[in-house]
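You will see subunit A twice below: alongside subunit B first, and alongside subunit C after that.
On to the complex of A and B.
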């Protein structure tokens, strides 16, 4: 795609936006903007989705700046707010330009200048469909691992013995602390439909409760000088007996 | 108004930027975690839940419990936890946590029919005392009782045991461990003469074959299961065999799954024994040196009441089998009798009697258990071809017999909760002993425990109606004398008559022989089988029920007084797990509101009584013991005065705050600054948990049960110790000279337990020479026959029903159902059944159904898929859900020897609700 064609495409998208002045369409677009767009993959450095939508002025400068034609502007009627930049990794992933031209082109900070190193970008997170991943089925594929620009960090291989043969399994595992969400793995995945895909973090990431720590991740010494809390109620003289206490309602409702 | 919208946007952008922009997500998150942990204080503790006994670390800040983690230094779990263990930090903070004593009141006074109203501890104890004195005056020591727990701390168990047996001279204290481990204990006693396993969890890493007998370890011992799985994956020769009555999660990695008909494990064990003999595989060197052969009576009943006076009309036909049994085809063959023969159950009173037999007799006894006979009897899945089942049984025998394979047999409730629970435990040792595969790394029969301190608290401390600390028994005069000496009691203070066991306490409540009941750290009115009887006894009869609880469960609901209890990390304590590992912890946080530790409840209540209230003459109906007048406990007050006591001394002073104990002072450096609300509340400057521990340990020493000193367990480097701890060293494998300092040098093995080691001689049917023969140092290889379950499906109640746990919930769910995440994961009990059985009843998955037995009925949703796959004819529902009280259905038959209830075999019908 040459520059002219790209500019043309940008203008078409913008044109749609400009042309959409009818009240109905305008409302529609507002609604679109207000809605969360959980599946959008945004250019490097994009603010969180709601802030991004509020900050992006749909100028298309990032799209023009991208040397790989990765970025596109959302057309009307799609899942994304019209005119905002996004990319589809299976078509063209982000190739992680070290100078981050798209971000530099952004006039509003919707693609944040706080992003100094392209490897720190977090466009999304790769997830593997274990059932259809050739490596997880025992084939020696691991293309994603080898193609990953952060190979060994964002994608590692774990080897496991295989009960049914003498041949070990090589499981690719994605690590969120290094995966940029560039989508090169998704582009490279050799299955008919990609078995590794990039999705926005909040679509895939869970969270372990704050009440728990993984025991083996850091050493914890037994505290040698425990400082007890100030005396609690039960060591103080009993206060006046309350009229109500937890559990009463259930206990008094009968029904056994 | 705090932040303006613009400020808010700015901060939210800055904060969330890290998520999508600034890379250092991980680093930043780690830093944030680290920052949030500033000021946290960590200490070691132990998981609150199952008998595995995983070590955890607990973090507190400003007096609040903020986090837990698996303890990487704990040899049991190496830093791992299961999903229940993951929530240790949340179990104490449920919204309806009981924080205030509650009493049923009407018009400002206690009233059995009143509503629960908050009261002070003083008021609650006043009423407890008034009722106690009324009942004790009327009925004496047998009129009061406690349903105790294998989830009490060791010190709590010790304190309540002492209060009941020494203070109140009542042996009516029995733990929920009765329904969990009693069959294992009875077999440890009869086979080895001493309680608790020879092996330890390291057996897993040595074993070639691991056989599960009625132990769904995948769900019930999740962390041990990950060790078993790791062994299976990492050791080429390792195999796992799952014997079960339905396909469960443990089948997932099993190499061999054997689905058998309930209770036919008895026949399968005898088939293995027969094969061992037939294939000339008896390890004669081992057997001749270390074993004898034994058997006992078969006509021992089913642990039900001797009378049907209290039975519901529908219960009477099964109840009849307590007195006489018509042998079915299989029993007839298995017991060398004729089909249809009526056998009067003549040995219900003395079911544990046993005598020596010859190997020839033993061989004759197992002879009928051929592959053809056992396969036809035992095949559990009607859809499995008989030949396939036969091949599996043969493979099972191959595994045991192969001299190249080390074999560990694991079991829990499938064995123990059976009307022949003791027998099947004994049979498991039978095969291991015949093969000489016992008490060696990777070789042994290993009884897993269900509860966190079944071993430590209930069994080692002897919180049973027939036990005293460290394998001592109530009927044994020498054991009583030793205990009286340790406890500084006048001779004959202890009651020589065995008290009421767990089920009997509830039956006593129903028939009016117990009228004052204290329940702590268990939930009998949900967990004991056949609860319709007990719910009625608690609420509708003239009984006084005290329940110490953390949450309002079913038992609290039927109580008269509810005492709010401190939970695990709110008090000092210790637990003993299934591999004899004793683990202690410090109090981490204060209990909420007025909640207080059970040990404080015992001691504070004991202050209200004087020794003269109990140590005078007491009537004990039915008491018969050498040196005692029938039906009476003598007065020991004169002797007490000679020992320096005053009749006016309080039980608190005599039993707990003794001069020796008062010397163990609080605060103590071992606390490292941790609080002790019990010591603070008692206020007389002693350290009860440490003092009682030090008072208890002499019971254990020199007898193969040795525990270490209190401070040793609290050492920073110690993660529990496996007793016997001799010269500071723990013991890996008991009875094996290489590992156990109690085995005589040169003996190789010595089964040195002292109980039941002088027995008569006889043949397969009877004693022929009553003169006791010493079998010191030997283990007994028992012949026990197959016996049919007392209740089996028939035309009316046409399905098997079995109950148990699920991984996500602990027992009756009082704790785990307060953890929102666990409740969300498994909100309600379901009834697993075969899709064809459901279809035949017009039911499909998620339909509401009635499950009805002779005893009661409940409504429950049907599940035809999921984690358990039932063969046709079988159903299973867990008992955690108080909305589905499955124990309304379950039969309260029990092993007549161990008195452990059989939760696994009720007959039910299922129909659309």
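On to the complex of A and C.
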């Protein structure tokens, strides 16, 4: 091989090596930023995390639009994907503006305009730490229930008798079909560390799998396998049903 | 005296003219630099004032919301960074009309003004790199090594390819421009370390290292407006004495290849950022901002008049 050609090949190899090293470094930084942090709570209407990370242009117009100063852009070197909006409910929760100004300010659609009703937003899911919830411990608190903007739907109270005294226990229960993840409950929780807190759905929510059939629920579709056999065509005329089953409802007939 | 010596004397006389400038004349020669600072700080201030002090043009009509990635001017005109939008597009996502329209508007502006007008007149990182370059000149720091200025086009290509590969806008996620802008407007993070790195790199390692060699956004804007920019620095070869002072202050001296620009009549390279360092410095007035259509007329006239006979 002549010297010129050899030199050229070495140059190409060197250039490629530098470019490849740089690209690897760049890729690594992108991976670190985009994938390592599942804890971000996004403004209402945010697309699923991967799509949100791709489409958010990091302009901060949602931050400017929020009248409560709830939102902030993740700074470089922080725990969250750089430049994207997030909120910390314990500091300032989302107060569920009915006109959704943050979503309207978003120029890219990362906060999707398909969200028409703020109550349909799913920023996260409130989760109760039963061991540290005052109500679950037996005190009368229920502040989360009272403060919840969807009280009665997103958080309900269940009463339970208490073994050792006459007073009932009032258990707050969160329902994922109505909870928006606004975090007003987390902000209001009076314990030192919030005993109810909002987390991204994928951090807390399980999935039972489609192959289970809950036969006792009304809306469960009964598949062919489990359908009872059709009643055999009876040849004999049906026995005359007695007007009243013996013994039935005698308690309700006012006879006693 | 032979012809070569005569030319040398002419060039030296030109340099002497710069040395003899009074303070007033010097101040006047910094006019574009001052204007650029006004523009750079003014834009930052408009974003900051809108975000923190609620600046409005009318009730509930904010002045300038967002940042350089995407913004809205007087609640009406959407603006967006076309390079950022291009990267997002390459991740395979369809964007809303507003941001696409905004990118189009910004693209059209720079298509006419010259792409890298962004670099010299808008970009906040330019404040940092200009400071580094000025200090470097003052302290007379010699270069350690050189790299090809076309590496930025490689960076541009890499940003686009990595956007496709990773599914996120590759440059936007590491951009020191975005970091600086966001941290000034929305609160401090560790982005200033990236800027410190750029400052030290430009000051001690490579002159104009970031803006002139590496920045993919600068590369993007170099490509945009290369052929359509209407505001350019015209070059009048008939008055030039080849003193070389322009190339000494130019952050992209390769654009001042006098032989080539003499043939065209103006600084045609897309890498020229219209920063306005060369034209007020030129002691012979050979370099000056002009509208592209007028340049040909001007140069034809001055050549015809034979203002300087060689």
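Throughout what follows, the second predicted complex is superposed on the first by the 183 of 256 C-alpha atoms of A that agree within 3 Å, B and C clash if a C-alpha of one lies under 4 Å from a C-alpha of the other, contacts with A are read in each partner's own complex, and residues count from 1 in each chain.
Assume contacts are C-beta pairs under 8 Å (C-beta built on N, C-alpha and C of every residue); 3 or more make two chains touch, one makes a residue touch a chain.
These numbers were taken from a predicted model, which means no experiment stands behind them.
Participant: Go through the superposed model and pick first if A:121 touches only subunit B, second if only subunit C, both, or neither.
Facilitator: It touches subunit B, and subunit C stays clear.
Participant: Applying the document's definition of touch, where does A:198 land relative to subunit B and subunit C: first, second, both, or neither?
Facilitator: Neither partner.
Participant: Of the two partner chains, subunit B (first) and subunit C (second), which one does A:133 touch, if any: first, second, both, or neither?
Facilitator: A:133: touches no partner chain.
Participant: Touching A:161, do we find subunit B (first), subunit C (second), both, or neither?
Facilitator: first
Participant: Of subunit B and subunit C, which one contacts the greater number of residues in subunit A?
Facilitator: More residues of subunit A are touched by B.
Participant: Where does A:177 make contact in the superposed view: on subunit B (first), on subunit C (second), on both, or on neither?
Facilitator: Only subunit B is touched by A:177; subunit C is not.
Participant: Applying the document's definition of touch, where does A:209 land relative to subunit B and subunit C: first, second, both, or neither?
Facilitator: It touches subunit B, and subunit C stays clear.
Participant: Once chain A of both complexes is superposed, is A:51 in touch with subunit B (first), subunit C (second), both, or neither?
Facilitator: both
Participant: Output check: A:188 vs subunit B and subunit C. Expected answer is one of first, second, both, neither. What do you get?
Facilitator: neither
Participant: Quick check on my understanding: which residues of subunit A belong to both its subunit B contact set and its subunit C contact set?
Facilitator: Overlap of subunit B and subunit C footprints on subunit A: residues 51.
Participant: Mind listing the subunit B positions that touch subunit A in their complex?
Facilitator: So the residues of subunit B touching subunit A come out as 9, 12-13, 16-17, 19-27, 36, 41-44, 56-57, 59-60, 62-64, 66-72, 78-81, 86-87, 89-90, 95-100, 102, 115-121, 123, 233, 535, 539, 551-552, 554, 556-558, 562, 586, 589-596, 671-675, 677, 680-681, 716, 821.
Participant: Considering the complex alone, what residue numbers of subunit A touch subunit C?
Facilitator: Against subunit C, the touching part of subunit A is residues 19, 22-23, 26-27, 29-31, 33-34, 50-51, 53-55, 57-61, 63-65, 72-78, 81-83, 105-109, 113.
Participant: Could you please specify the touching residues of subunit A with respect to subunit B in the complex?
Facilitator: On the subunit A side, the touching residues are 42, 45-48, 51, 112, 114-115, 117, 119-123, 161, 163, 176-178, 201, 209-216, 219-235, 238, 241-248, 250-252, 256.
Participant: Which positions of subunit C touch subunit A when the two form their complex?
Facilitator: So the residues of subunit C touching subunit A come out as 50-51, 62, 65-67, 69-72, 78, 80-81, 84-85, 88, 91-96, 98-99, 102, 154, 158, 162, 165-170, 172-174, 178-179, 182-183, 185-191, 193-194.
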